[in-house]
Amino acid sequence: MILFYMMIFAFVGAFLIYFAGKSFPRIKEILAVVISFLLFLFVALLYGKDFQINYHNFLGFHLFLRINMFSWLFALTITFLGFLSIIFSLSYMKDKKNNAFYYMNMLFVNIAMLGIVLAGDLISFFIFWEIMSWSTFLLISYKKGSALPASMKYIIMSIIGSLSMLIGILYLYDLTDTTIISQLSHIIRFINKGDVIFVVILFSIAFGIKNAVIPFHNWLPPAHSEAPSPFSAILSGILIKMGVYGFLLLFYVIIGLDIIFHLTGLTIVLNVLAAITIIFPTFLAILQNDAKRLLAWSTVAQAGYIFMGITYGTELSVAGGIFHFLNHAIFKALMFLAVGAIEYRTKGIRDLNSLGGFIKKMPFTFAAMLIGAMGLIGLPLTNGFVSKWLIYKTLILNGSPFLAFAALIGTWGTILYSYKLIHNIFLGQLPAKFENIQKAPFSMKMPMMILSTIIIFFGILPGIPLQFINKIIVSFGYHPLNVSLFGIVSDSGNLNIINILAATFVIGVLIVLFFRSGRKSVRVDQYDNYAAGSFIPKEKYSYTNSFYAPLDRFLNSFLKDYIDIFYCKSAALIRHFCNGIRKIYTGYVGSYVMYILLFLAVLIFVQLNWSVF
Amino acid sequence: MNILLMILSAIISLVTGMFFLGLARKIMAMIHWRYGPPIYQPLIDVIRYFHQRAVSHGFIFDLGIIISLIGSLLVVFFLPLGNISSFSNSGGLLVILYILILSPLGLALSSGESANPNASIGISRKLILTLSYEFVLIIILLSLMSQYQTISLQEIVMLQARKVWSFASWKLILPGIAYLLILPAMLGFRPFEIAGASQEISAGPSVEFGGKYLALNTINHGLLHFITIALFVNLFLGGGDLFGIFDSISGTFWGSFVSLIIFLIKMILIFVISVFINAVFPRLRLEQATKYILYYPLSIAIVGLIIVVAIN
Amino acid sequence: MDFLYNYIYYIGAFGLILIGLYILLVKHNLIKMIIGLSILETGVNLFIITLGYLDNGTAPIFSKENLESNMMVDPVPQALVLTAIVIGLAVLALALSLAIRLYDSFKTLNLKKIKEQKW
Amino acid sequence: MDRNQIGKWLRSPQKMSNKYSLHAVYFCTGCGIIEIPPSITTRWDAERFGIIPAPNPRQANLFLITGYVSLKTLKAIIRTYEQMLEPKYTVGFGSCPINGGMYWDSYNTIKKLDKYIPIDGWIAGCMPRPEAIFVAVTHLWTLIEKDMATGYIKYRKNYKQYRANQEKIYGSLDWPPLYK
Amino acid sequence: MKEITYINPVLLIAVPLALAFIIPILKFVWEKSIKWIPVAGFLFDLIVSITLIPIVLQKNIIVKIGGTTTPFSINLVVGPAGLLLSIMISLAGFLVAIYALKYIQEGDKTKYHILFMLLLTGAIGVVLTGDIFNLFVFFEVLCISSYALVGYLGNRAGIESSIKYLIQGSIGSSLLLVGIGLIYGQYGTLNMADLAAQIKTADSISLFVPMFFMITGLGIEAAIFPLNSWLPDAHSSAPSSISAVLSGIAIEVGLYAMMRILFTIFAAESFMGFLLFLGVITLLIGEMSAFSQNNIKRMLAYSSIGQIGLIVFAFSIATASGLSGGFFQMISHTLNKALLFLATGFMIYRTGSMEISSFRGLGKKMPLTALFFTIGTFSIIGLPPFVGFASKFLIFKAALAKQELLFIILIAVIILTTVIEGAYFFRIIQTLYFKESDDKSSKQESAITALIPMFIFALLILILGIYPNWIMKFIHSAASELLNKMSYLRSVLG
């Protein structure tokens, strides 16, 4: 029952924060940090446990909580990031009104996500899923203004997804007479393929919407960019990964390996979707001028990698997908937090065209952002490299060069937009109005520091997380990977991080020595800069505006978010149609009487002529 | 042994890189009907730079250029030079692709910190251009990897030695042509001298580089020439192998030496061709370059990849 | 003509109902519509009465001897109609009082012009 | 390369490399620029001496001021000179930078350039032919070798005086002093 | 067999009715107390109904009035279904009466309370009666008092809606009466059980014509498309406490009567397929019309139409689980919509406008009211852990259990409507909490007597959402009673 008590404790704690926050303003922050940390601790202590408990009976369905390696990894990530972003929020939310509400919802989201990964049956999965949806909605709306349409988009997509999932669950229930995951995995083999595909489609809509797979991605960019930054970190880091979790659960736990990859065409469709999800948002991200929106598009693209990994279905790809989930959670959270720190210090500016030169003012944030971006690109010695390497390798060696092409070119696009992000915020000229910007406060630095450390740590020692992932994929029915502490051994090309590390270190030392042996350089300020012999006035010598202008010109004409446009157009159409529909209530009684009589007449007439009833 | 190989390959690559820079200037001068500078002129330049009192714009300004050079040198270790290969067995082509990123990224960070708009424009151009030729390069590499069913460059070279050079195998002729077409862009030669356009944007990314920064940048430039061409030679021209003539002495010291020489000769050949192209073409605009790359080399490469995949 | 003779009350009742509905459908004036309602109700009442009506039937009271039960009219419809009439009256009164208030507010009784509540 | 030069290279690589790697900034205000293209192209081929035009002052160590210096361009000359990295050499090219040349009585022309920046050498003539440039370069080599091309050291030492002279013309300069 | 003693269910009708007519007398004696009369009356009803639950779960209670044997007497049949609704009615009546203590400030309060009590008494009568004409009479009591209450405020909108409602309602009752007459003419009985015993199927012309007449007549009160034109006007113009009752009780009682007639008397299985579509269309039209409303009460009214459509859909599945879903949805809709209307009532009262845009920033000014409103919306959309989720879940489950393509398509349509519903309800929530209001006046929470009923509703929504099992047994038996014609017959006719 420990799981159940943990959830109860967390929910009670969330309410407590809200009500404590009304009377003792300071205590809510302490409470929030303590509760989230305790959650993290609880989950960490559950390592290696494997059991499930029945905690409730809902309309004749037995609801279960369950923990095993698979859900443990996700739960740990959730609680860990939740803890860090709550710490980050301490200063981010300090001056905001109504932050008890914020903390409460933040905990709600975390608990709901925890519930999702710990759910042992589909009904409680769904219930937590919905709690997550609405608390997320409240949090996205938190910043008011332009956040409102964003959260509307989110909640509508979310409702569509969750309802289709509900249908899927009930359909599955009709077929199998159970919703308990561990039982479903035994029974599912007796169902015919058509039904399985139908269920997979229904679930895929729900998970695809959360995971922002391409035709369902349109909620994500506005939602991520408008949410408060610590929450964006959660949103991008783990919330959308609930879709990943769902896909893994559906494909590998419920349906199982031996069925899912024998469904005709399904994997091909999913892989192609994943490829589109990688390429298209990457290029859209390059065109963005809002830091958080850029990161949001990047999130869509990276979710595409994860999706590619888990739908490709070899052990390398699944391991890579799960590992990339973990990595993406870390570095994208880090980047969102860094942008959040900037946003906090500049009082809410995140327009890439008006920032610049912050490296001189916020060097720590820059370092964090740089490490995050390196992870995002997947440079060697960061964690992103290993997971991407796994995915690429399996794509190439299993004869899917076009998918591999999508993944690789996505990486290059990633370089472009990450560099744009770094350049336009931190490099270049510092505008005069930001001369007095201060460094990020400690409560912001600490989470960033921890996350940066993890990125490097996992990058150098990928063996540690890969061992956990190995256990997960073994439980899916795969062969374990041959993991060493520093990499992966296999027949067709090894990966050995230690070589790269050693070489980098040695070369680095040599080059630095060589560099230092040269004549010492003079430090000059940013205004001592070549400008064809003139001294350029402040504010005039910056190239942050439309950084990739040629590419913009090149792409803008045909690269738009057509799907979003399509959705918006159809929403407008529906609205129009709805407006038309209610015109039948004309306001004149005679017509109402006519409806009544017509109804009666039609009933009688139909029955008399055709006797259908 | 490995360390020795590393040092050896580093030295070879540095020397060859500087030699290439000088060679390029000399050949250009000769095409211009000039006498031209001595072939070691880049070395003199580097020494001069190194003794100048540079200006620095900040920590990343220093660090970026160092990262850039580290990246370039790292790639060298992953490339088999003839029979010499330090650790081409730890990640293969994918790692090379990734470490290739380091060098431009370090340069970009460094010049971004310099806060000069010319540098930013240069970086922006460089990245866009790189993106466009990377489309082609990735497809080329993918066709090779699919063809040989490995991601290890070492194995690709070995397989070539055993069978026949990639360029001579009809399946890989289209990727080879595509690689040749994007080679000037990868080397930063005209008609793709867009990022470092010295007349237009004052040498672009390196506008604020002087002194030792410029020295490192020049060395890096040479190394990049070396890497680009070495990659091509390894992928398509059979590395240090010359139609199997010297198979009898392979494995011995002389074998390695001969294969290294053959390798370098092949590289020089390719480089000279690229310099000729550089000499006779004017510069394209970025849009034109991107369009060109995305039309011709890309379509050729895609056709090549389709052929490779279809046959396998 | 037998048909007409046998069913004259039914025809009358449904005639009244149809007239009422016709008025409700076509007329705009509230008072006329209320009249239509009344006619409709009357028709319904007549119909129900007719159900229990017997030609030359007597009241359903066993007051005389040799009175068969099939000689009596059915008492239930009469009870029903009584209730229905009361209800109808209540509705009518309410409707008329509302009509007065309506006229006070809108200065018209033409329902085509009173269309504030719509859509 | 001379055989005896190798010894020099080993003894003082800085001096030698400065000599043989003169990357020039051409300050092209007047008619002097017309003489520059022949000097760097096929006819005279400056590159054989290691002289190439540098794309910006940060990468250059030779500053050629070709032509008259007006009040307006002086500012750019000072800025460019200050942005060049040490060691750096300046050569005034033609008579205009020397004494105003044909603009000797113009109100708007700087007559004594070395009041504002140090000049290591002059090339007289109106205009000097390209050969004169190479003569000047060989002279400059000699000066460098003998440690006599010390304009930049002079500038650093007497910066206050130079700055005062500069500010006399312009009132105040936009940029902060190069040296404290 | 031990005879179980229980309170006579007639009191459920008689006490409120009597109290209603005491009110005008009491007015002269002790005027202040009259507003407490409905509270007392419905509290009594609530307690009595709840005490009846265990008995009714075993067997139906039949109360004969008039002393004669069953087919000829007017009788009350207190089955689980009827009792369920009567509990809901008395609960809603009780809470709304508390709400009205402070809320009803203008107009003739005496009349309001009388009419309010009559309305709910009529409703209880409809659900408990076993006699088809008695049903009509109670129905008329309900209708007439609601006509009057809609126009209670006496403003333009109220009068207009009231008269329109009256015209349509009267047509409906006339049609119902015609139907009853036609049935009576054929079978000579008015007792539902007796009729049911005689009618096996409804496929002859002499049966389905009265059936259609009755369906149309009841359908007007039950607000089935296209008979629901009165509803948006009436619900939006009435005082909010009345809107709550009308939306939460009146239409559901109409629907119950309709279902009772369809299931018990006519056993019209084949008609259910048609009703299925009608339900979905009603749902669709209701939600679509609500989508772009700016008047909040009108929006809620249209939403009620939608919910009724969903209930019709659930009932039309005509399986035990479908009916349970329908009943559950009824409960959930009563709770949700009553809560929403009550909260809205005070929000309108404070802002003086029914425009949604005028509710900006109310989350700060009326935090509790806004919170309750939010709970109501979340529940009505069907988000867990609120009761709306449980009911929607049951309906979906029942529909999918049929395992037919048709049901999947209809479910898809229902999903579409839920999305629309989510869209407009979440918009209000955003307006409440996340839009800054112009005036900076301080807190103006609702009156405490209004907050208490809202709180109870919200609590019920939450508790029933988490523990729906507590009432499932009751609902199952209600469903099986409605579905299982024969057991009903047996219990009434003996």
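A, B, C, D and E label the chains in the order they appear, each numbered from 1.
Rule of thumb we're sticking to: contacts are C-beta pairs under 8 Å (C-beta built on N, C-alpha and C of every residue); 3 or more make two chains touch, one makes a residue touch a chain.
Everything numeric here is computed off the predicted structure, so don't read it as measured data.
Colleague: Could you name all chains that are in contact with chain C and with chain D at the same time?
Modeller: A
Colleague: Could you tell me between which two chains the number of C-beta pairs in contact is largest?
Modeller: Looking at every pair of chains, the most contacts join A-B.
Colleague: Compare the CA centroid of chain C with every other chain's and tell me the farthest one.
Modeller: D
Colleague: Going by C-alpha centres, which chain is most central here?
Modeller: Chain nearest the overall C-alpha centroid, as shown: A.
Colleague: State, to the nearest whole Å, the distance from the C-alpha centre of chain B to the C-alpha centre of chain C.
Modeller: Their C-alpha centroids are separated by 100 Å.
Colleague: When the C-alpha atoms of chain A and chain C are each averaged to a single point, how far apart are the two points in Å?
Modeller: 68
Colleague: How many angstrom lie between the centres of chain A and chain E, each centre taken as the mean Cα position?
Modeller: Chain centroid spacing, chain A to chain E, equals 43 Å.
Colleague: Quick one: chain D and chain E, Cα centre-to-centre, how many Å?
Modeller: 97
Colleague: At which residue positions does chain B touch at least two other chains?
Modeller: Where chain B meets two or more other chains at a single residue, that happens at 50-55, 202, 207-208, 211.
Colleague: So which stretches of chain D touch two or more other chains?
Modeller: Those would be 56, 58.
Colleague: At which residue positions does chain A touch at least two other chains?
Modeller: Residue numbers touching two or more other chains: 528, 530, 532, 582, 585, 589, 593.
Colleague: Would you please name all pairs of chains that touch?
Modeller: Going through each pair of chains, those in contact are A-B, A-C, A-D, A-E, B-D, C-E.
Colleague: Flag every residue of chain D that touches chain B in the complex, lowest number first.
Modeller: Residues 1, 13-14, 16-18, 20-21, 23, 41-42, 45, 47-48, 50, 55-56, 58-59, 61, 85-87 of chain D touch chain B in their complex.
Colleague: How about chain C: which of its residues touch chain A in the complex?
Modeller: So the residues of chain C touching chain A come out as 21, 24-28, 33, 111-112, 115-119.
Colleague: Would you mind writing out the residues of chain E in touch with chain A in their complex?
Modeller: Residue list for chain E touching chain A: 163-164, 167-168, 171-172, 175, 202-203, 205, 208-209, 212-213, 215-216, 219-220, 226-227, 229-230, 232, 268, 270-271, 273-274, 285, 288-289, 291-293, 302, 378, 381, 383-385, 389-390, 393-394, 396-397, 400-401, 403, 408, 411, 415, 418-420, 422-423, 426-427, 430, 433-436, 468-469, 472.
Colleague: For the complex, give me every residue of chain A touching chain E.
Modeller: 57-60, 126-127, 130-131, 133-134, 137-138, 141-142, 144, 147-148, 151-152, 155-156, 159-160, 163-164, 166-167, 170-171, 173-174, 574-575, 577-579, 581-582, 584-585, 589, 591-593, 595-596, 598-600, 603-604, 607-608, 611-613
Colleague: Report the residues of chain B in contact with chain D in the complex, numbered from low to high.
Modeller: Within the complex, chain B contacts chain D at residues 25, 29, 32-38, 41, 44-45, 47-55, 198-199, 202-203, 206-211, 214.
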